[in-house]
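You will see chain A twice below: alongside chain B first, and alongside chain C after that.
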Partner chain A sequence: MAALPFELAPAIAALPFVSFLIALLVGAFAPRLLPKGGAIPGILATAGSLVLSVWAAVAVWNHPDGMYHDSITWVAGVGDAAFDLQFGILLDPLSTMMLVIVSLVAVLVHVFSLGYMNDEGETGLPRYYAGLGLFTASMLSFVFASNLLMAFMFFELVGLCSWLLIGFWFREPGPPSAAKKAFLVTRFGDYFFLVGVVGVFATFGTTAFVGSESFPILADQVLAGEGASVTTFLGLDPQAWFSVLGLLILGGVIGKSAQFPLHTWLPDAMEGPTPVSALIHAATMVAAGVYLVARIYGFYALLPQVMALIALVGGFTALFAATMGVVKREIKQVLAYSTISQYGYMMLGLGAGGYVAATFHLMTHAFFKALLFLGAGSVIIAMHHNENMWDMGGLKEKMPVTYYAFLSGSLALAGIVPFSGFWSKDEVLYEALVHGLESPILLAAYAMGLLAVFFTGFYTFRMVFLTFHGKPRTDTARDPHAVGWNVKVPLVVLGTLAAVAGLVNMVPVAEVTGIHLEFLHDWLDAGPEALTAHHYADLIPYASGEIGSPLLTVLLSAGVSLGLALSGAGAAWLLYDVPEPIRHTDRLGRVKTVLFNNYYQDEFQVWLANGVTLPLARVADKFDQGVIDGVVNGVSSVSLFSGGRIKRIQTGVVSNYAFLLTMGLVVLLVFIGVTGGWF
Partner chain B sequence: MVPIEYYLLLSAAVFCIGVFGILTRKNALLFLMSVELLLNAANINLVAFSRFHGNLTGQTFSLFTLALAAAEVAIGIGIILVLYRNFADVDVTKATTMRW
Partner chain C sequence: MAYQLPGWAALAPTLTFVAAALVLFLIDSIDPDSENRALLAGTATVGSLVAAGFAAWFLIAGTGEEPFTLYADSLVVDSMSLFFAFVFASVTAMVVVASYDYMRDHSYQGEYYALVMLAATGMTLMPAANSLAVVFISLELASLPSYALVAILKKNRGSVEAGLKYFLIGALSSSILAYGISLVYGVSGTLLLPEIASAVEIEGLTGVLGIGVLMILGGFAFKTASVPFHFWAPEAYEGAPAPISAFLSSASKAAGFAVAFRVFTVAFPVEAYVATIDWVLAVQILAVVTMTLGNFAAATQDTVKRMLAYSSVGHAGYALIALASLTGTGSDQFVLGGGMAHLLVYGFMNTGAFLFVALAEYWSVGRTFEDYNGLAKQAPFACAAMTLFMFNLAGLPVGAGFMSKYFLFAGAVGAGFWWLTAVGAINSALSLYYYSRVVKAMWIEEPTQEFAIESKPVGLYAAIAAAAVVTVLLLPGFGPVWAFAQDAAAALV
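Showing the complex of A and B:
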């Protein structure tokens, strides 16, 4: 008999699902009965999930095994090499931490939606809250999934919810198109993920995350040559085949976490309502990809080539997206590119062997990015839904709560000490540096990540100064719309968290002073043996280097990244913290045009579709219509023609039939006679 | 005793007359008569072999064949009646409407 919080774990996902059903059914049949268009059931359900998640986290911490795992079989295998398909709940330090983050952000976003959607007189609110409820339920189920197949199913469901919510304002031209793009681009990655799931089943016969029969453990045993045997395909040896599987699953991760080259959907997804951007496209759903890698880190840590690729993609995406964020005009676009960039850091951390660092950044980013999006939402309410930063300015005096919360989030995003983003980003870069000193590929990824720190500081404070400082540049900015308590409360909560969440894992301070401050590390080490940070640290295929001494390395890494962040922020301060800022990025000339058009990535993808895929499809169509269908149609016309001729022997005259019968008999007799030797 | 070959020759002759009738005539009633000849040719064979082998099995079977022939005539006359109603004739070569 498991403890009560574990018994109640299914309710963590079931509560938001109930709120989804309420918003959907009551909203469809009796909308007058639904308080606030479904917001109240949503808030209550997500608050319940939050309480249960915190309770489960406490229970996991106190449990001797450090985890809870239970599953049911929904399809039993048949035959010799059978495997069962299971639904299960896995509560360990990583998943409960993520449950708390997701449900906390979900509660705050629901509250914020009262201000952003209800008070603004939007229609279709039950649909909106139904979407949020279904999303929260799916995301929470994804987080506590105990096997890869279940994770995949909920991975798809969150994608569906993302599509529903981006396209919320479906009567305008932009949102439906953006929703389709997001759906298709992420689905392109998910296709690889699906093949990977099937591959893992075929290889290991299981997709479980935990236990002695889980696939990361089996893979470890196979590579160590310890008896366990698996089926590999394409004639590859286990190491190479596991790398193929790892890359296939990584396809889903790159699509969902908006990494290069599948990042193009995320900026367009900003067409959705801003609370949706905060919940789905910043704090939680986009984190699903990174979370998946962390979840099966025991598998990835065995594959050095895949790890190096993850680090390179992450480092490149961090820099690539940050440069685009520098020139954007709309506040949400800047945040979208910064989201892509920050997820790049997490991938860099994971690829560089910094499991704790990446998880830490995942947590702090969820807080400060949700905060920034909600802050942007507050600004957008005040500006009557004008998102252009060049029409703002001087909002600092008019909306102080939003300003200080936003500033806290911006300091965290830019990585200024002591805000949360500094500690986590610094740890990611530190891991990349110490492992990169022994591996040139990682060092390249580190260099890109480090350079991106400067751009992050610059675009973050360009956004802050353009929005809140200087003189108001339009009439709307001179007389902004007031925002209510339901907007301010989530901002204050997240603003506080963005400032202090980094204190749970102050590695540099711990290194310098010797005081034990690495609480997140302890937390992630509390789980079952095979899922601990300690175990992963043993598995990763990298050696650690240092510059001078360990202490010097830590200080140098932290100092360089802080210096770059400060110089970026300082540059923005010099250029944009003036009463009448001008468009300094115009001086970049053609570089700005390229950046403003997102390196022509969208055009490139359209060209890929129109210029490469379409002709290819045409050729395939020709082959299909001509050769394949030609053979089939040929067979049928030959039968039809010969049938038309042969049917003529059916005259309908009885005498003819009798004649044929008689002749047949005669021929038979002659034949038997000749072969039987009568003549 | 008459040798069995004589009976067999008689039987074959009767059978050939029956087949000739079926192949050359158009009248459905003549068809029925020709079929009777075919059946009786078989009967002659059965009886002849029955006598040749000295048991009564063949003769018993020929009685069955006679009963069968009676039943066949009953059905055949019925078919001919319908044929006449529909085509106002008993010519079997006219009834070709169900071919294709």
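Showing the complex of A and C:
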């Protein structure tokens, strides 16, 4: 019998699932009985999940093993080389931290939805809250999944909910198309993930994350030559084959976390309701990909090539998306590209061996990006659902709570000390730098990440100034719609967190003063040995370098990134913090056109579909119609013809039967007799 | 257990059938023209259910784990004989319940049920037979009532003709079997299966023994309706009352396989015989020919019942894979268990399919595919059940039919006979064509006639529903079935 908070762990996911069922069933059969269209059950359920998650986190901290793991077998293997399929719960520092983040953001988004959806008189609310409930349940289940297959199943459910919610306003042309795009692009990545899951099963016979028989441990033992045996395929040695598996799983990660080149769905996903963007497309679902890498970091840390690729993709995505965010007109578009960019940082951190740094950034980003989206939602309510920043301006005086909360989030996003984003982004860049000093690939990734800091500062404050500063540029901006408590409370909570969450892990301050301030580090080190930060630190295939002394390296890294962030913000201040800002980006000329069209990535993908895949599919179809179907049709006409012949053997005359029967036996006898040498 | 049951109690399923038959004879002799269908069908149903209950009880209690022999070793009760006793008793129960409605206006009610009970007695004896003499007697005990049952619709020319043909082919086959037994006895000097195994070592008589073995195989091929001993099957199944077709194509066929499994694994073990008397090769040939011919012929039929008859020939081919994939090594248990599990699932899904035909005949719907057009609008539940049976017979994963076929094929691949599996898979794909014709007719086509469906017969519906429910439930519940089938197979190899 495990401790009570662990026994209650399934309820963390079950509660939102119940709220999903309530919203769905009561909404369908007795809509009048449903308070606030399903918001109240949703808020109660997610609040319950939050309480249970915090309780579980405390229990994990106090537990001697630092984790709780239990599973049930839902498909038992049959035969010799069989393996069982299991559902399980793994609570360790990483997963409980993520549980707390997800359930906290979910509660706040539910509350915010009261203002954004209910007060705005939207229809179809039960459907909306059912979607949120199912999403929260799936995401929480994904987080505490104890094996890769279970993680994959809930990964897919999360994608389904994203599709349902992006397309919530299905009567307009944009949302259904965006939902379809999000679904197809992430599915493309998930396809590789699925192959990877099957590959992991075939290789290790298990997909468990933890325990002496878990696949990261087995992989470690195989590579160290310590007895464990696995099956590899394609004639590859274990190291190369594991890299293939790692890359396959990475396919799902890149799709879900919107990394280059599968990032194109995320900006379109902004067609969904803004609270959905905050919950799903900023704070949680997009985090699923990065979380998955962190979850099986013990596996990735064994694969230097894959790690380098993760770092490169992350660094490139961070820079690439940040440049596109510079020219966007709509507030949610800016946030969408900043989301892609920030997840790039997390990938950079993971690829560079900074497990704690990336997890740290995952946490702070969840808070400040949810905050920014909810703040943007508040602005959108005020602006009567006009999202164009050029129609705003001067909202600072009209909506001070939103402004200050948004400012807190922006400072965090831009990475200005002492807001949370500074500490986490700085740690990511610091890890990339110290490991990059010994590895040119990482150094290149670091350089891209560093450059992106400038752009981040610029687009963030361009957004702030255009929205809140200067003079109102339209009538709506002069007389904005008021927002209620249910909008302000989530903003205040998240605004505070965005400001202070970084204080849990102030590495530079700790280095300088020698005071122990790395609480997140301690937290992530508290789990079972194989899942701890120091174990991963031993595994990663990098050496650390330094510039001068360790202290100098820390200060230099922090100073450079802070300087770049400030100069980006300063540039925005110079250009846009004026009463009548003008479109300076027009001066970029054709560069702006390229940026505005997102480097023609969408066009490229459409061309890939229309120009390459479609002709190929046509050829395949020709082949299928002509050759395969020809053979199949041939077989079926042959079989029908011979079937007709066989029918004729059945004459209905018994003496014929007796003759055929006897002849058949005699032929068989002679044949077997001759082969057996009887005669 | 405080009280140890006597040894003969292990034959309880068989004895229950005998008792039920005697009670039915008693009722019939007191009131020869009895029209009390409820009493007759009820007695038979109770008898079958009690027999099934005994078999299940013994299986669960582990009675057969240590096989024990009776009557100077001529009978053996083990997991395998109990497993098949359960199959036969369940099918018999469904058939008897369905007959309550189907035989409504026919005479010879008492005889009908008594004959079914006697045939079931023979069938439950067949897998327990440990001596070639008992093999022959039990096979005849199962066959002789079957001839009469096929011809029981005395005023129906089709029924009488089918019965006569069945009897003639049966007589020929029985003579082949008896001749084969006498040859084997002549070489080995014993009728007990375990003792025959060493006969292959006798010098100079290999040819005689080989002819005997293959003739015995022929006798079993008749019972299982395998090519070329299948000629009786389409005619008998089509002419017989539909519940009897269900009985013959499910239970009687499974009985043939059960006895074949035991005789060929115990008396003619592969490892000893494969060098000189390669009966596995013969079975492989039979399996391929049976699968192919059965399915090809089924694809061109116009009437549903005859299509099912040929499909049942095709399924005999699948079940033969279990025997054809024996290698005398460790893989035998898996594939033999796969064959037994398939026969159990087949017992339910195929019985269900024939009982649906019985229902259609009860409603005078007609015999061809076209006659079934639009039937689903009138009888959605029965048609849903039939759809389920069709897809299961084809091996789609909507019920246990998928699982059992999958494990059977997996066993053949595991034994190294991937080509047998390939032939089976191609035939399964073809079978989907003709099975889905029925589904298409029922659900998609527009009705071509007015159905005169006045009543929904309770007995037929109950039997069809039971078959459907079991077919579906065995998909999640395949684990225990597989465990019992593996135990049963372990009793042989």
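The rule is simple: the second predicted complex is superposed on the first by the 633 of 679 C-alpha atoms of A that agree within 3 Å, B and C clash if a C-alpha of one lies under 4 Å from a C-alpha of the other, contacts with A are read in each partner's own complex, and residues count from 1 in each chain.
Throughout what follows, contacts are C-beta pairs under 8 Å (C-beta built on N, C-alpha and C of every residue); 3 or more make two chains touch, one makes a residue touch a chain.
Since the model is a prediction, treat every value here as computed from it, not as a measurement.
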| item | value |
| --- | --- |
| Partner chain(s) touched by A:G589 [first = chain B, second = chain C, both, neither] | neither |
| Partner chain(s) touched by A:V654 [first = chain B, second = chain C, both, neither] | both |
| If touched residues of chain A are counted for chain B and for chain C, the larger one | C |
| Footprint overlap on chain A, comparing chain B with chain C | 647, 650, 652, 654, 658, 662 |
| Parts of chain A lying in touch with chain B, wherever the complex brings them together | 647, 650-655, 658-659, 662 |
| List of chain A residues in touch with chain C within their complex | 76, 78-79, 636, 639-640, 642-644, 646-647, 650, 652, 654, 657-658, 660-665, 668-669, 671-673, 675-679 |
| For the chain C and chain A complex, residues of the former touching the latter | 164-165, 168-169, 172-173, 176, 206-207, 210-211, 214-215, 218, 227-229, 231-232, 234-235, 275-279, 281-282, 285-286, 293, 295-301, 334, 407, 414, 430, 433, 479, 482 |
| Interfacial residue positions of chain B with respect to chain A in the complex | 19, 22-23, 26, 31, 92-93, 95-100 |
